[in-house]
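Labels run A, B, C and D following the written order; every chain starts at residue 1.
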Amino acid sequence: MIREETVLQNQLLDPEARIYKLVLKGKVAETARPGQFVHLKVSPTLDPLLRRPISIAGINRQRGEITLYYRVAGRGTELLAGVREKQTLNLIGPLGNGFTMPSGGELLLLAGGIGIFPLFSLLEALDRTKVKLKLLWGAENRRFLQAVGLKTLEQMGVDYEVSTLDGSMGRQGLITALLESYLQERNYTIGTQSLKFPGDPWTKKDWDPTGEERSPLRAVACGPQGMLKAVTAICLQKGVPIEVSLEERMACGVGACLGCVCTVRGADGALARKRVCQDGPVFDGREVVWDEEG
Amino acid sequence: MKKVDLTTQLAGVKLKNPVITASGTFGFGEEYARFYDPSLLGAITVKGITPLPRLGNPVPRLAETPSGMLNSVGLENPGLEAFLKSYLPKLEKLKTAVIVNISGFSLDDYALMASSLPEDSCIAALEVNISCPNIKQGGMAFGTDPRRAEEVLKVTRKHTRLPLIAKLSPNVTDIVEMAKAVASGGADIISMINTLLGMRIDIKTKKPILANTMGGLSGPAILPVAVRMVYQVYKAVDLPIIGMGGISSWQDAVEFMLAGASAVSIGTANFVNPMAPLEIISGLEEYCRREGYHSIKEIVGLAHKL
Amino acid sequence: MKKVDLTTQLAGVKLKNPVITASGTFGFGEEYARFYDPSLLGAITVKGITPLPRLGNPVPRLAETPSGMLNSVGLENPGLEAFLKSYLPKLEKLKTAVIVNISGFSLDDYALMASSLPEDSCIAALEVNISCPNIKQGGMAFGTDPRRAEEVLKVTRKHTRLPLIAKLSPNVTDIVEMAKAVASGGADIISMINTLLGMRIDIKTKKPILANTMGGLSGPAILPVAVRMVYQVYKAVDLPIIGMGGISSWQDAVEFMLAGASAVSIGTANFVNPMAPLEIISGLEEYCRREGYHSIKEIVGLAHKL
Amino acid sequence: MIREETVLQNQLLDPEARIYKLVLKGKVAETARPGQFVHLKVSPTLDPLLRRPISIAGINRQRGEITLYYRVAGRGTELLAGVREKQTLNLIGPLGNGFTMPSGGELLLLAGGIGIFPLFSLLEALDRTKVKLKLLWGAENRRFLQAVGLKTLEQMGVDYEVSTLDGSMGRQGLITALLESYLQERNYTIGTQSLKFPGDPWTKKDWDPTGEERSPLRAVACGPQGMLKAVTAICLQKGVPIEVSLEERMACGVGACLGCVCTVRGADGALARKRVCQDGPVFDGREVVWDEEG
């Protein structure tokens, strides 16, 4: 689980948003699943002290390679940007639960900004002959979208729509608008009633299109917390099951420190905590309590 | 090459080696089992338990600091009942000495926990936490007033025959006074230090980073403060000491033992390097061998003697 | 682009900007003149002065710690007389506000120094050091007992009309109590924090690294403790605060000001990056501009307000 | 004074003693003098925090290069060993006073172990047509001597003798024995009386062979403190003036923190402190008080 992986590539993709692509060779690829993350040591010294969690955005089992994308956000990612090819990086992983992998039906991917990164690995892994895919992606502007992933999406032949805050590409505005019109256009006879928790206990069936399926459509979302909260509300209200990938500040990454918790409503209706690193980062949208008072 | 004797005796508590994992940094012993067998450790200390379950504080609960970190977990724990029912049986299977860290908001809380925790299980000792900086009543207040600290120990003492470890807070003017107070309250062992009270502010939002405003500072940054306090208490109080605070290498562990600690506890370092406790065990052994000591006990307090 | 007003007012003391260099880390103002003109600073604080010259402690006086350092200089200084004769005239020529840090072993010592330091020179204020951990009598003892701290301030107050800065020690259970004590003793300004008491042991020699056994911990490691204390004192006491403790970047300085410091002092960072004070001045200006503040005063204490 | 210099070479010389040669290109060479040092930042992060002082062992003004030699002693020098060519290093320097440069007479160089390093720059800079040179060097063993500098000494054509603790080369034992027999053999009628301080105030004349010179022989020593104390005692007792290069733990390196002091006896006979970084590292052997009580 603790590994030294070799840096094959550490390349600046977008100088303005300072986004890098990092390709590592090692053992993580053997067992990694989409939605999991690695916990990276960015300095051999005692400062910065803590590891940094980064989602696994690509898994090439044959070549033993994983791909990560990261944005330079502070001191740790700044140091990461200075790492050169052939150096090794110490990491713990793969960690976390990963996305539920559907084997049929339609999957709606909702990405906000750099929330696209973990979704890449899901896109890669899905059997698209069986699962219908649609991606909605909201971001700042065209430059960001182009630098970060449009080409990858096109190469993969993914059906996508985008929205930008400044209107420089796709629809102007937030991804919520994109999502609402998408659901409206499709006029899904999906969930006849809104999904909530408790009283609507989570069952595996929701994700099993071969069973007696209420909704052939399911969603997976990754992005800033405000966006996740909003898209979750919309999806659940329309009866569309949704999984969200959460972020929280982490220390251990393995469930020991209780630093990274989120609040959930248990089956008994009471509030409880789950650990984003160990019980997540992917959670059923119905159980997440976005505001502790809620 | 002769084997070095790493066994350690703390009051009545026998450990196979002097390396313990610190409360709140090692979950309930299972989390790090994916890295190594916890029975290799001298002991593990579980997360602080309170009579009732606690959700703890809201997030963000963590902030990084230079060579350290702040946490404001706020004693999130399943509560005494769930601990006894769901966690203790699993701990029993780890085949290692378990120290249960107990926290309370009143003297009655400590009494209840002391009388409820079984004396004939894997529980080797109770660590009486009078130093948690992250809760409003009780917690650190007990740990910064010598009379109240003594009272907590006295009450706890009455309700159990398990060895008692008093965990001291470093947020005091005079650590020796606190150590003497818990000694006279009936502590068998002193563990030190808990976290230093600290805070950070996000210069973008202009608000404290931690939802709870302040939190406990741990990690290498606090090591020199911890070594100093262990040194002072060793000189003044005749109880065995479990030293902790920023230990991340075997060299650090040696430093604490030379200062007077009979055992050491590893906290924040687990997060950075999960293998740290095992590396420290073998480093201690190697140090003794190289320096010609047959038993780890020989190095305890040496910095006072030479 | 409008210019940001960096001028700062601390009680009666006007500074051209809020960046000061900390006592004991900037010599007598000349040492760093090879790097930049000291008149660019808000003020400089000279090394602690005592009535008589002192050789200070033996070496080793320094030990490195994770993101920090220990020192046990022990108030080596030329003494009051030599300060007045040889150093003050040179300080006069630097054309910058000078804060003189005074330390004593008795109330009389403080009285003597307060009455001897001229009120009509480059001396902008006296910083009453009641917090030096490196000397045996006096020093920190004054700074850890609120009544004695109040007395020191009262006596000093009687003997000078210069603004008085009380420099607090972090080695206390309750920093707010200490701040209230010096306020009622007549302090005009509070500076905080001095160093945390710490120690390190050399695992080869098995002796303390510092000849004086213990020393004062400074540098980035102590920043979260310092920010917390500034925040607590700002909330409770109505005096301007000079914040210090581990500041090494403009971001750190902003953090202290948001916590409630009206000015900041740069200590250990000078050793690592001599240009740090100037980089911090321009970083503060740039931060205000970007965030839309016209005066640096607007950010003081913001973390309490939002 | 604060400089970013480019690493031209960072080469392991002796794997056992872990000694490296570091060549830097930049502005320090323009003004550096033998006996001065540079104060190096070994990590871009906050840990290790302090700079590390390393003597300047070679100065090539034409090429703008300085040469340093260092032994891996702890965390800081360990990080330094990892620095690669073409990287830059942040340093402050040149710092300190440097050796007095004689223009005639005979100079006896006394080196203990890695104390040879700063003497290299002195050897290089002296006008050997005017100054007669002799080097005595005490070390652990032959391997160390060969790895660290014998070749350099031979290339320079320096007249030297060595002693080793294990007798694997030269005389077995300490450099003090070497020194005593050297002085005896030469049977110097040098100082007729021993030199001490005060009562024998330091004058520039001692170092000026064109003046009325009591001693045509002077010494310069660098090495561990015990060795310096011993050779100083011998030299002064024989009336040979000696300069010693001291080491002390440093923070600022520029005289501001009073961390690195040594004790001296002033002209008035009273004890005083001097700062090794700013008033030294080179001191007159007569003024140094080796044990504070002394």
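By definition in this document, a residue touches a chain if its C-beta (ideal position, glycine included) is under 8 Å from a C-beta of that chain, and two chains touch if they have at least 3 such contacts.
Keep in mind it's a predicted model, so treat the numbers as computed, not measured.
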| item | value |
| --- | --- |
| Chain at maximum distance from chain C, centres defined as averaged CA atoms | A |
| Selected interface, C-D versus B-D, where C-beta contact pairs are more numerous | C-D |
| Gap in Å, rounded to a whole number, between the CA centres of chain C and chain B | 34 |
| Chain centre separation (chain B, chain D; CA means) in Å | 48 |
| Euclidean distance of C-alpha centroids - chain C vs chain D, Å | 36 |
| Chain centre separation (chain A, chain D; CA means) in Å | 60 |
| Junction residues of chain B - those touching two or more other chains | 63, 65-68, 219-220 |
| Multi-chain contact residues (two or more partners), chain A | 46-48 |
| Chain D-facing residues of chain A, complex | 43-48, 75, 79 |
| Contact set on chain D toward chain C in their complex | 1-2, 41, 46-51, 92, 248-263, 271-273, 278, 292 |
| Partner chain A, residues of chain C touching it in the complex | 66-67, 220 |
| Residue ranges of chain C touching chain D (in the complex, touch as defined) | 24-27, 31-32, 34-35, 47, 55-56, 58-69, 71, 73, 76, 219-220, 248, 268, 270-275 |
| In the complex, chain C residues that touch chain B | 63, 65-68, 70, 144, 171-174, 196-201, 203, 205-208, 213-214, 217, 219-225, 227-228, 231, 246, 251, 254-255, 258-259, 287, 299, 302-303, 306 |
